[in-house]
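The letters A, B and C name the chains in turn, as written, and every chain counts its residues from 1.
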Amino acid sequence: MAPHLGGSPPGPNELEVSLFGPGVGESIVLHLGGGDWIVVDSCRPKSGDPPIALSYLEALGSPVATALKGLIVSHWHDDHTKGAADILRKAVNAKVFCSDALNEDAFFEAIAASENPAMDRSGIDEFREIFSILRERDRGRSHAGSVGPEWVRANQILYQRTEGYGAPCEIRALSPSSGSHSLSLNEIGQLIRPGKEKRRFVSLEPNDTCVALLVRMGSARILLGSDLENGSNPKTGWKAILEDGLRPKEKSHIYKVAHHGSENADDKRIWTELLEQGPIAIITTFAKGKKPLPSKEDLRRIKSNGGAVYCTPKPDIDAWKPSRRLGSIERLTSRVDRKRTRINRGMGHLRIRAKADETPPQFRVEVLDPASQL
Amino acid sequence: MALTLRKQYWKTLISLGSKAYPLRPDIPIRPNRRTMDNLEERFLATSVQAANLTETAEKVEDDRNVEKVIEGPVNELAQEPGEFLENPSQEAFKKRISRQFNVLQKWQGEVQSVERAEKEFVAVTRDLEDESRSDENVTFSFDEVPKADWSLILPGAVFYWSVGYEQDEMGTVYGKSLVRFRRLPPWSDREIQRIKEEARRLKEYFGRKSGESGTERAL
Amino acid sequence: MPSVTRTIEDVSVALVGNFNPAMFQPSVLSANNLVRPDEASKAEIGIIHSEACAYTIGWLFVEVTRERFQGIATDIAHSEPLRDLLLSLFRTISPSQIAQMGLNHRAHFQFEDPKQLDGIFGRLTPTAKLPGLLKNPRATRVTYTSDHESKLPSEFRSALNVTIEPSLRTIPGVYIALNRHYEGPQLEKEEALPDYSKEFLGIVESNWSEYLKQSRELVEKLAGM
């Protein structure tokens, strides 16, 4: 069974936002009219599979090489980057965008270090491949560095179309704020020192520098929160966006909830100042680690804002018991593991479409199990 | 298993007596550090003498004499290019291994979080036998890890987890779980230097150029 | 059907090249964080010298001369640590010229019924075609060589060798050894030693787990024949 919804591609004046999530991982595919597609972040159904964004676009019959206009990698964590290089390889005309907060020595050192096999599967190795592809493309051009990536800051416009296909269209970055500095890159910088042990990069600091986006097509508006959290610095994260006098004042109808619904990525003002009343909230889970997200408390808090809430896949932890093994192995492992849960729960797909010339926009939501409405 | 040392050293080894046997797989040798230091010194000192000895009538006649002393089957490593580097023969480990660990399942794990106060860590484990199975979150106790490896239990650290049954010399069977943390050489100065140089090149090539505001290059 | 149980398994790597045996001794491994300090201090030493080094550290057996290296993990649980050790040793600690490589996997299987041993050799090497030539012929050791596709350039040679013989460890039982052999083109100057360490270590890095899995499946099928 295909890990995505089928059916026909969106019409030329139809907006689509598709959210994919398999348990750990997230990818958003946007149609902005006229066959123009943008991908925000990337994940795979399971290890070794093609990135879901590619599989979906190819299933719709979309010519990825010409139709995919941009690949936005909102931050470096591996649950948002797996397969991004594979997408770029096929999307030969796509521009690559990433957070300006990564434009630091520590990030480039992390990329250089990721060549060491000890560092693989950290997410940064995906960037290494992306840079390698970009460098290949750059050969033969008139000046070096002309193919990107584009370093994104708050209020930067990544995509714009003023007319055609039913309505004007724009993708604008809301973060990172100018002068943002990634604390998680600090962590990485501390790891790559003479005498230090080699281990993979696992970020423990809040992610307050990734790229949150506002997508506008006609009267429809979508807020994509990426993994943006609130850090200790009020000039970063959601606080910075809410205080930014330059940000657009329109409110969004659809909200891709930031950081899998965690409390640290939430702020009451997001729901009152950035979103329409009773928005459609769409969430991906993060099933790794001691506290999988979203927790029951997170969901209660999100639902209290009103509006329909969808999640991919279903977040109920009890539903994700690991599949049984041979009796002897179960007996041996039960003595050791104090708690065991499954991480990959199958790829869920949430698809929302609306005609660009409808006012107000009439959103049609489709759900592919294990995604569900909560 | 015999070692294919140069002939001149065999004579020296033999002359040094039982303390200088090369590898006898079935007889573990536990020399103390002083013995080993002495052995090495004497070995080096007598190497010239041994070279001279081989030219006298007392030279080792042929490899068969050497093997009689060394005992054990011949190393089956290929002698000439084109021959295969084959497995060492069965006999080489006939008496070496007294306990046998029959592994039923293996995983590779990566530590996600550590609670030192509770002596627990949570890891994502990947099935090494069946890639189609989902990764799993597993909570481990520090007690599952040798104490000498506790300092390695850090976020991002990789380990290998095997479960199975072990049988001892008396035939008693035990359930066994083995957690072994991956050990790699720490970052060296040379590696760091190479990383910094590569990083500088990447930044020069891809980094934001001065004067760019970031708004010029929309799609 | 009488049962076949896998009892003992190990993996090993054999290399031909140019090595410095002193760089592979337990204290060097421990100093570079490749084994635990307590493991290194309890090593069973065979010999440590500039010409030869041989020892056992629990799960690991190492034997090195100037021309040959052999590392054996005495159980499958330590196959990945052996791979990590090899990569660390030959990429960081003591990069060496490597002209040939053998990746080996061995397993002993216990049979429930001694007749199973005759059965397996009977199926592998039918002796019905030797009438009148030998009295009561029975095969006691079978060796096969087959093609083995590796990701090495075409000028490299690789082969898969299988040896099957009665087990000396688990009786009645069978011993099956798999060897993946790799060598590169000889240099024009015969006395010069080629160096294919980059290519061979690439195989160790990329294909180790896959080959081990294939080997385990293959020996399981052969033992069950």
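Everything below uses one rule, namely that a residue touches a chain if its C-beta (ideal position, glycine included) is under 8 Å from a C-beta of that chain, and two chains touch if they have at least 3 such contacts.
These numbers were taken from a predicted model, which means no experiment stands behind them.
*Asks:* From the centre of chain B, which chain's CA centre is farthest?
*Replies:* A
*Asks:* Just by CA atoms, which chain is the most central one?
*Replies:* The most central chain here turns out to be B.
*Asks:* Distance-wise, how many Å sit between the C-alpha centres of chain A and chain C, to the nearest whole number?
*Replies:* 45
*Asks:* I'd like to verify one number: the distance from the centre of chain A to the centre of chain B, where each centre is the average of its C-alpha atoms, in whole angstrom.
*Replies:* Result: the chain centres lie 41 Å from each other.
*Asks:* Using the average of all C-alpha atoms in each chain as its centre, how far is it in Å between chain B and chain C?
*Replies:* 14
*Asks:* Spell out, as numbers or ranges, the residues of chain B touching 2 or more other chains.
*Replies:* 164, 182, 184-186, 188, 191, in rising order.
*Asks:* Of all the residues in chain C, which ones touch at least 2 other chains?
*Replies:* Where chain C meets two or more other chains at a single residue, that happens at 33.
*Asks:* Hey, what residues on chain A touch two or more of the other chains?
*Replies:* Within chain A, the residues that touch at least two other chains are 197.
*Asks:* List the residues on chain A that touch chain C in their complex, please.
*Replies:* Result: residues 117, 197 of chain A touch chain C.
*Asks:* Looking at the complex, which residues from chain C come into contact with chain B?
*Replies:* Residue list for chain C touching chain B: 6-10, 12, 14-16, 32-38, 44-52, 54, 56, 61, 63, 65, 67-68, 70, 72, 74-78, 80-81, 84-85, 88, 92-93, 99-102, 104, 106, 145, 159, 161, 163, 165, 167-169, 175, 177-179, 181, 183, 186, 209, 213.
*Asks:* Please name which positions on chain B make contact with chain C in the complex.
*Replies:* Those residues of chain B that touch chain C are 1, 3-6, 9, 20-24, 28-31, 36, 40, 43-44, 75, 77-78, 81-82, 84-88, 90-91, 93-94, 96-97, 100-103, 106, 108, 128-129, 146, 148-149, 160, 162, 164, 178, 180, 182-186, 188, 191.
*Asks:* Spell out the part of chain A that touches chain B in their complex, as residue ranges.
*Replies:* 23-24, 46-48, 69-70, 95, 100, 103, 105, 108-109, 111-113, 115-116, 118, 121-122, 131, 134-135, 144-145, 148-153, 155-160, 191-202, 204, 287-290, 292, 322-323, 325-326, 328-329, 331-333, 335-345
*Asks:* Quick check on the complex: what are the chain C residues that touch chain A?
*Replies:* Residues 33, 87, 205 of chain C touch chain A in their complex.
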